[in-house]
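In what follows, subunit A forms one complex with subunit B and a second complex with subunit C.
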Partner chain A sequence: MATMASTAQLIICEHCDCVYQQVVLGKHQKSLCVRCAGVLERYNGLTVEQRLALTITAAMLWLFANFYPIMTISLQGLKNSATLWDSVLALSQGPITFIAMVAAIAIIIAPAFQLMLLIWVLAFALSQRRAPAFKLCMRWLETLRPWSMLEVCLLGAMVAVFKLAGMLAVLPGIGLFALAALSLLLIRIAGRDIRELWALP
Partner chain B sequence: MKSPATEAPAEPGPPPIKTRRFSVSLVWLVPLVAVLVGLSLVIHSKLQEGPTITLNFKTGSGLVANKTEVKYRSVVIGHVSAVALSDDQRSVNATVQLDKQAEGFTREDSQFWVVRPRIGAGGVSGIDTLLSGDYIGADIGQAEGRAKRFKGLENPPPITYGEPGKRFTLHTQDLGSLDIGSPVYYRKIPVGQVVAYALDADGKGVNIEVFIHAPNDAYVTDNTRFWNASGIDVNVGANGVAIKTESLSTLLVGGIAFRAPEYSPNDSAAAEARTYELFDDQQTALAPPSGKAQYLTLRFDQAMRGLKVGAPVEFLGIEIGRVVSVNLDFDEVQRSFPINVGIVVYAQRLGQAHKKMLKALKHDPDDMTATAQVFSSFVANGLRAQARNGNLLTGQLYIALDFFPKAPKVAFDLNARPIAIPTLPGSLEILQEQLQAMLEKINKLPVERIAGNLDGNLVELRKGLMQFNSRTLPGVQSTLADVSKTLQSASATLAEDSPQREKLSETLDELGRMSRSLRDLSDYLGRNPEALIRGRPSNAPPIDLQGPPRN
Partner chain C sequence: MNRTARDHPPTAAELNLCLCHSCGLACDMRDEPHSCPRCDAPLHRRKVNSLARTWAFMLAALVFYIPANLLPVMNTTMLGDGADSTIMSGVLEFWAHGAWDIALIIFIASIAVPGVKFVALSLLLITVQRRSQWACRERSQLYRFVELIGYWSMLDVLVVALVAALVKFQALGDIEPRVGILFFGLVVVFTMLAAMSFDPRLIWQAGPEEAMDEVARH
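And now, the complex of A and B:
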């Protein structure tokens, strides 16, 4: 029992596999690895409850980003507006249909799954319990993280807005603002620090 | 839990802490705000959403779901949310999501049409759609009833947005070169246009609907006449050639002009939707009304070359009608082919004479029997129809109704319908007959014999002349020479200083003296007749001193 308890208090550097004893961090603090100077752990100010609330907010933003137009362009009365899904459809009709699938996964499906899994896991964590299929969910959250590329999409959209602004009348839509908020929020809530949940009994 | 100590005094234990089962952190405000924002957006768009209507078009050309807009006065009032084939695959249904403010466009008589670039009679329209793509134009209706399904128009309605003005219906035989958008002129100023046309229910005419814009619609009065102003009106008359046209555009797209006759007393602005007749040209339009048409039939026994349908019918030189039919007939008794000519006359064109006649005869124009009797009396007075030559160059004939008191009497059939007017051969025909008779007489002359005799005489004459030339002429010449010689000698004889002339004057002097002495003698003898016997006394005084003779 003693060994088990002591291992739970240990932390391993993800860069050089050096083992340390976990310490409690205060505000604005982070623990560093002695050997490789990599960050071991940061102060995490979010309780489970706060994380769940933000996750639900993110889910709302995801809905906005997907159902409201990202931007509207107009030229001499010719008007066009597109949502995220429209852009995926436009790609699928082009010569590189495969890219459409990648785009759909990266900007729509992966974030959606991330949010669903987080809500599932955190809802149970609120009552200090492990959710059913907890291990699978936690592993998938790790797997999906690199596939969620909302920031990339946001950057692309903003580059398009600025580039087109000179030639056409470009109107950023609700979707673009929602997308910006969602991508920031997702970094905060679906980060590496959800590994704390493994501590649940 | 530690086991409590028995010997030591009881230390104060910690009080039991009760945690609120559901403690709500402030962080939940964040998703709450997000949800509220989302809800407000959804509610807002729901509130903005107006009625959904379905438009039925023949084709879906230019209609794109979620892109094609519906505009009224160039303001977007909705958009096409779906384009689909109708159930019977004969047309296209476009579902239109109207805005909240555009609720009025669900009125039953609202109109919808696709705006595309168009070149029509009225000019070019819809150029802006070349860039922006087609859109659906809408015009709000007035009806109280509401509808969900509308039939889309194929062409934009010419009059939209409740423009002030009046609509009138014109009735005509055929459309001519008119089209929707053809202009309507009043004193050569465009004041309206053709907005619709349709065949009569029985297909025997065309009803043209025109729209006159306010305020010029006030010039359409009860007396107004409309006429077709399409094309060029070329008038060749005694004053030369006159070419008239309303405007250059009427040459291409046709047009209608209207005006009231100059003398139109008690004229008032016409009510909306009044029906007028559309005349073929200004002249017929502004002519006094023709009144009731009276059909008559004429039977000619001569060829009617040059008589065309539409040729004028004149009564004492006044045009009162026209020819409506020229048909060949077969006479069973005479085995001949007479020609039946149907004419229509308008008694009202006689003007004052017609009114007076009606009054004098107490005649009701609608009573056919009475009309036949009137004609019967006219025929008895010598009314006859005659085909006359209107133009010697072209040989065009017209029908003349005239009184010929010397015309042979004919029986008048009172029961024949249409009324038959007896005819006379035309003036040219009479002339022709006389000419023919003369020619026949000339034909009968023994022209050949006369010619033979004449020929012989001429031969003789030539012979005589030859003889004259060869024999007589030389003789004549010598004679003339002799005459000339004689004249020369005569002139020499009579010259001033010739001895003959000298002698002659001496002789004349002698003769004078002689005559004087003779007178003396006669005087002396007169006074002294005895001297004839006794001779002259020696003491006798000279003659001059003697007194006048005594008786």
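And now, the complex of A and C:
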């Protein structure tokens, strides 16, 4: 039977428990489970350097998305703009505070932690080392992933533009463009393929 | 193992392996370790109490789904006239103004997605409990679909948040969130937890023999 060293070469399908030998994937290729057709692995074209560079870019975009208004509206000469944080605060009034917390986690906190953890882990990976608290960081990256909902927020912002455009003048802000770029980047850099880093010594 | 048709690769149970859900390592279970040797996450051959937890989270979500749709999610005041709107009335308003595409997006994300999740999860739970061997592959795909669409229902919560943050012109115009949005958010959170608690490997769990195994291990 397999030892620890050789089990690392095995892939278990998370959807139906079938066991496979790992294969080397080419560009745009993915391996599928023959029994349940679930994806086992996808080709990952990012080196550690590239991923770190993209993560730092994403961190900058996070700052822009959070400190610049998502959009500005004007009504009869009056202007008002809102950032992501303003939106969270708008939910925090009255008995519905709990949902403000969920929204804060989904659109601000989870992405921020994902980016910080990625920068920490990748910066050490650059010199082929495991960062301090590597295991904890990697497990948190897995936990945070489903709760980070920036792409939903992006669609929400676009729906809000249309919703308001009927009543008043709407001007998309820098924050919205940063949000758009950030949500797409985050899908690329914080996906499952970061599990590759477990190969670090 | 007395399986007759060997048309698929060996399973982890047959090789005495276990998948670590956190780092994806195939863990050797000969020494019955309680945690993954690579990332220290707790190891379980199946998600703990998967069926009971999934039912519980889903029923909770189903209960919240009623006030989420009946209670107003926001209040719009324009020039002194206030009006509450529910999710459905928001959809209808877009539809009436000819913005059928936006109406469709909100309808799908807010009403159809949770509905589909309830139906799909119930179907999965019931078929698994009856140890059904019917359409395993398709049910497996259905589960992945439920996982994929899960968080898009958060859309309406974020729309209301943004709109309420923007429209703050006192008497001239003001939009405030209402309690319906809290229930709506809870529906999303609970359906996500339900989908996460469900173990798709149970779909493939054949016959009573393997099931007895399962009971013995816990």
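Structural remarks
As a working rule, the second predicted complex is superposed on the first by the 195 of 201 C-alpha atoms of A that agree within 3 Å, B and C clash if a C-alpha of one lies under 4 Å from a C-alpha of the other, contacts with A are read in each partner's own complex, and residues count from 1 in each chain.
The rule is short, and it goes like this: a contact is a pair of C-beta atoms (placed from the backbone, for glycine too) under 8 Å apart; a residue touches a chain by one contact, two chains touch by 3 or more.
Predicted, not measured: the structure shown is a model, and the values here were computed from it.
In the superposed model, A:80 makes contact with both subunit B and subunit C.
Of the two partner chains, subunit B is the only one that A:174 touches; subunit C does not reach it.
By the touch criterion defined above, A:60 lies against subunit B but remains apart from subunit C after alignment on the C-alpha atoms of chain A. By the touch criterion defined above, A:129 lies against neither subunit B nor subunit C after alignment on the C-alpha atoms of chain A. Which of subunit B and subunit C touches more residues of subunit A is settled by the count: it is C. Of the two partner chains placed around the shared chain by superposition, subunit B is the only one that A:47 touches, whereas subunit C remains out of contact. Contact with neither subunit B nor subunit C is seen for A:30 once the two complexes are overlaid on the shared chain.
When the two complexes are superposed on chain A, the residues of subunit A that touch both subunit B and subunit C are 75-76, 78, 80.
Subunit A meets subunit C in the complex at residues 1-4, 7-8, 10-12, 14-20, 34-38, 70-71, 73, 75-76, 78, 80-82, 86-91, 93-96, 98-100, 102-103, 106-107, 135, 138-139, 142, 146, 149, 152-153, 155-157, 159-160, 162-164, 166-168, 192, 195, 198.
Within the complex formed with subunit A, the subunit B residues making contact are 25, 27-28, 30-31, 33-35, 37-38, 41, 67, 69, 128, 131-133. Here subunit C touches subunit A in the complex through residues 8-13, 15-19, 21-28, 30, 37-41, 78, 94, 97, 99, 102, 105-106, 109, 136-137, 140-141, 143-144, 150-152, 154-169, 172-173, 176-179, 181-182, 185-186, 189, 192, 196, 200-201, 203-204, going by the rule given at the top. Interface of subunit A with subunit B (complex): residues 47, 49-50, 53-54, 56-57, 60-61, 63-64, 68, 75-80, 174.
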